[in-house]
Amino acid sequence: MRKIPIAVLGCTGLVGQQFIRMLIHHPYFEITALTASPESEGKKYSDVADQTQDISFPQSIHDQELMETSVDAVIKSGAKIVFSSLPAHIAEVIEKPLAAKGIFVFSNARTNRMEPDVPIMIPEVNPEHIQIVAGRVSEKKGYIITNSNCSTTGLVIALKPLMDFGIKTVITSTYQAISGAGRNGLSAFEITGNVIPFIESEEEKVEREIAKIFGKWINGCVKPANIEVNASCCRVPVLDGHLETVTVELERETDIDTLKESIRSFRGIPQDLALPTAPDIPIILREEKNRPQPMLDVNAGSPGRAKGMAISLGRLRKKGRRINFVLLVHNTIRGAAGTCILNAEFAHSQGLLGNSVRHVNSERRAT
Amino acid sequence: MRKIPIAVLGCTGLVGQQFIRMLIHHPYFEITALTASPESEGKKYSDVADQTQDISFPQSIHDQELMETSVDAVIKSGAKIVFSSLPAHIAEVIEKPLAAKGIFVFSNARTNRMEPDVPIMIPEVNPEHIQIVAGRVSEKKGYIITNSNCSTTGLVIALKPLMDFGIKTVITSTYQAISGAGRNGLSAFEITGNVIPFIESEEEKVEREIAKIFGKWINGCVKPANIEVNASCCRVPVLDGHLETVTVELERETDIDTLKESIRSFRGIPQDLALPTAPDIPIILREEKNRPQPMLDVNAGSPGRAKGMAISLGRLRKKGRRINFVLLVHNTIRGAAGTCILNAEFAHSQGLLGNSVRHVNSERRAT
Amino acid sequence: MRKIPIAVLGCTGLVGQQFIRMLIHHPYFEITALTASPESEGKKYSDVADQTQDISFPQSIHDQELMETSVDAVIKSGAKIVFSSLPAHIAEVIEKPLAAKGIFVFSNARTNRMEPDVPIMIPEVNPEHIQIVAGRVSEKKGYIITNSNCSTTGLVIALKPLMDFGIKTVITSTYQAISGAGRNGLSAFEITGNVIPFIESEEEKVEREIAKIFGKWINGCVKPANIEVNASCCRVPVLDGHLETVTVELERETDIDTLKESIRSFRGIPQDLALPTAPDIPIILREEKNRPQPMLDVNAGSPGRAKGMAISLGRLRKKGRRINFVLLVHNTIRGAAGTCILNAEFAHSQGLLGNSVRHVNSERRAT
Amino acid sequence: MRKIPIAVLGCTGLVGQQFIRMLIHHPYFEITALTASPESEGKKYSDVADQTQDISFPQSIHDQELMETSVDAVIKSGAKIVFSSLPAHIAEVIEKPLAAKGIFVFSNARTNRMEPDVPIMIPEVNPEHIQIVAGRVSEKKGYIITNSNCSTTGLVIALKPLMDFGIKTVITSTYQAISGAGRNGLSAFEITGNVIPFIESEEEKVEREIAKIFGKWINGCVKPANIEVNASCCRVPVLDGHLETVTVELERETDIDTLKESIRSFRGIPQDLALPTAPDIPIILREEKNRPQPMLDVNAGSPGRAKGMAISLGRLRKKGRRINFVLLVHNTIRGAAGTCILNAEFAHSQGLLGNSVRHVNSERRAT
């Protein structure tokens, strides 16, 4: 099979580096272009992108010449797909024009998430939302598919198996990692030995994205789900991995063992289809009293391409219809680059990357 | 006025050191004995108590000879009052026998908190509970007055001005500091760059102590308040200061300005009486979008004896009857030694340390 | 006595905030102007300067209107003295012109340190270098006096009492705090749980500044001292306080007790003159095996204005003529704002701020 | 080839866990016994050994029944080799008796390092010291081979290629990671945001071990090398990876390019023999101005079994015969378990594990 040429837009940041790491040697995709800001054009990747994570790239990446992030440059590169970790204001002027030119845009940028013809998709959670873009493909247009905000992603995966019991309200407090602010987004003097109880727009994102993701696709648009969500978002001095305490009010009575079994046995379409970046088990249920912990569990889903793609869920407690748990999600992998790539793999499985269409199956497998 | 001789039991730990710091030069109390484990008996304070906080003691403390923690030693020392930061299992065999011998025990230990004749008291919150011990004094007995768990203390002070609007449910997530585990309670390898989403018995303590503190003193016993409390307690790599996100469902409608004014103008009996360790303002309302923060606000209430005695409350948000906020409490000061001393000062004001009785006024002053 | 009007140039950074903290209520000086970048002109201090340190300012500072950093603005403000914590490239265009206009410039900027008519002065170490500027005063000109780089300052104070034994070589490795890079100078993602073994130009500064500071003032210029200095500078995840391991080769034999006594009894002119910002004891000799530590000792020299003005020196070891020790200096106080202010106080004592001249005494007092 | 049965003594600590990780699927060795303290006997590994590192063990290890650490238990288990990460006081009563019973002991414990018939061996540095034990094998006795202290190991590997230029003095300051103190060896309250400038006996170990390692094996004993070593050892808040600044006085003149080439081309016997745990390149020379850093470089030598087995060396600077550099060594891998295993692999290559003898070649290969 010939691989599909792709571009990574905004390739030098922490998420951009994760994109590259996960796309090197990808079975479907081949990196044909890396883009960055205009002043980086023509420079070698390693001259622009500081190594600030413990990621090793092959020499070919170090030596790759960067392109400017522009519609023309992408078209010229021959890329059919772009993975975007652009800042919001750049994404705003690039992503829609690319889609208009027939490019399939898989984006981590928040810019277009709330647009009606753009799904916020996590293939384990709302694969049926891919229908939002299916029509565009039949009209030979490109499209934008986004993943959700990093905190949201962990939360909706955790909530998915609980949907069977009806979810009335979700109250969450986050313990978010430094990498979520980008390489230079947070000053060391501010966060060392400290907690900062505010992250710009984060609470709003969590609250509105959940409603869209769990919304129903009816008559060509998404009707938001009727779940009350309340988020309090804080930054803590942890490098990678957002931890979240979650309190959920269920609509129906159940027992703790049924809940655990629902979580433990949960599998989504990526697992059914064995997509390359899918973890075998999307939610690792931890029974120890003090887990998950960022330092020990952030890379769950290992080894290889699916490293960091599983979320961990622990401390499941139940008092009547109120349940509590703690979850952990790798914010730059599952919460960003990884889900974006998984979305593209899922689109590929549905023939929505210009290949043959297969049946979308939104039911979980029997297991 | 002749000062009342006191002993600090368990004087070498982090809370013990705060006790000593706050009691040196105290206008009512005079340290007459410092006790520690049997093997420390006869040693100088500075030979046993490692300096691990940025606290300076006068030479007289460094040179003070330690006594063994025992009922006999306390009686022999002539102390009329003890401040106890003993480990729970030692408190269990010491505190009640001391009270039986006529000693007034002000304790930070969790051991006796749920006993019916022992109040959990924060003078700004439930000063009327001092009546639980008043009868014992008239019988010439001693008593035990405890302060609450460090996380609980911050929370109940923050909730107090909201009680006027009726509190149905409280959901809190904590970001607790390392010092809460004691000097050697937490391994550096475990918590560095990490969050540990579990603290032994902490959630249970928060949940049951609030009910008792807000309970009504009727017919000689405390009827627990009917407030639903749900706590998720986590440890973060911060030295001092527990931060807590709080979501409260109120019973009655109000508006955000009324809420703010209630918080801002809140004063308790310690403020009315201008007790030596009382902060001028018990709750500092912060209007900045990213406060309170442990690094900046943990010492609120400064300067001098009341340093760290005010809690900080910020990010007050309201959606219908649900309100959200973030609070910060200095866990070893307001959450431990400081409130314990404030309890003793309040008891003194009520003539319950063997001095003349005055009127207990549980109403807030007009301001 | 009427206070001398002063301006703080570059008042919003970490060092700028320390300047303000130490100059409020100063017995000689009165803040008449605060300057910052042009876009801050006319704004209130608290609207521009984020609080990122645990420093409380009076309301008058919060409300003070900022001026643009310019020669005209300073002259217009009526300030006779400026304290400069300007970035080097701004200092370059401001400090000399100010001195030319008769202003006495006390600067923490590195820009002019190596100029022949500008002393790098630490009053405990090389007070005689004030003669470099004395001539300018008699010509009715202003001058620039700088303090040394933060790492250098701690080191030269520690070395001063050892000069009696002759110093051949100094080999130092530094463990420098985050605040040394300024509030936003270091990304949290880079330094959390990490050591960065490089600080731009720092090693060169330490090596060349020591030679000038210990140089002799002969025939109108400073002849650099012949001390071989070798520095390795690293950043560590500590908020405040540069720790330095130091290995010194002495020229003359001595014994450990003599060394200790020399260090312990060392006093400089600021102590002799009891200058307002001088610590009683400039070098605190620690005998414990594991001190000094940033967390415990950074504020040595307390309380009040001299907080953080003493350096701490511990782990003194001797093998023949090679001695080893560890020192700690508060980098934004003693290593920056504090020494700058002490320099001005010393200049004042010598009548070099436009007041009556007294005798310069470079001998240590008898004690 | 049948694998040799081995036991890991003291298997539950951080180094013990690294031993197990590196020995699972080892081509020569097979874990037959895991030992721990008496109270762990009969328990499953995962019930005793908390997971505190991001290491995943197969289920067979989790389920393995622990034995008590005793000579009898080891003999009974059938192990021919033991890898020891025992605390010093336990090693003292176990290791020599085991060797007397014919067991080949590869130990990370400090206890026997200075014994005349026990080499401190790093196969890249002093492979010829294996002769110290060769005689015992021919007498059918067991032996003890130790690796050096974690800080020493990184240093002697870095110094080895410089030995050609003659080394007069070595002055080093260390920035040592928390894991060097063991899982519970360091309290979080002590080290968070702090530097502790003292590690018990560490400086002495570095100083005396280097002399023995670089010593000459003459007439049946090791004559210590005449290198002056001066160490200052500090703990920093880093999880894994000891960083060291090093200043070396060479005996002979050379130029920087020759030095770099010597370091870059350095290979030892483990590389020549392609031992299973040997990194391809023992010293990674970094040319960037701010490397090595623990967070980025601690796992150098990857992937697989040799992860963390290479040291990194950067910031090489030269002033006359004095050179400076910074090195980084993974303290629980190359500085402990990894070198211990490499020693066993090297002994195996020399027929000193009861197999056929080959020629010891201490010369570096031509490359």
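For reference, chains read A, B, C and D in written order, and residue numbers begin at 1 within each chain.
We take it that contacts are C-beta pairs under 8 Å (C-beta built on N, C-alpha and C of every residue); 3 or more make two chains touch, one makes a residue touch a chain.
All values reported here derive from a predicted model rather than from experimental measurement.
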Copy-to-copy rotation for subunit B and subunit D - C-alpha atoms, rounded to a multiple of 5°: 180
B-C or C-D, whichever has more C-beta pairs in contact: C-D
Chain of greatest Cα-centre distance to subunit D: B
CA centroid of subunit B to CA centroid of subunit D, Å: 49
Separation of mean Cα positions, subunit D and subunit C [Å, integer]: 43
Separation of subunit B from subunit C, taking each centre as the mean of its C-alpha atoms, in whole Å: 41
Subunit A, residues touching no fewer than two other chains: 52, 192-193, 237, 239, 295-296
Footprint of subunit D on subunit C - complex, ascending: 171, 173, 175, 192-198, 230, 232, 234, 236-239, 243, 245, 247, 289-296, 314-315, 319, 322, 324, 326
Contact footprint of subunit B on subunit C as seen in their complex: 51-54, 56, 192-193, 239, 295-296, 298-299, 302
Subunit A residues within the subunit C interface of the complex: 14, 52, 178-179, 181-193, 237, 239
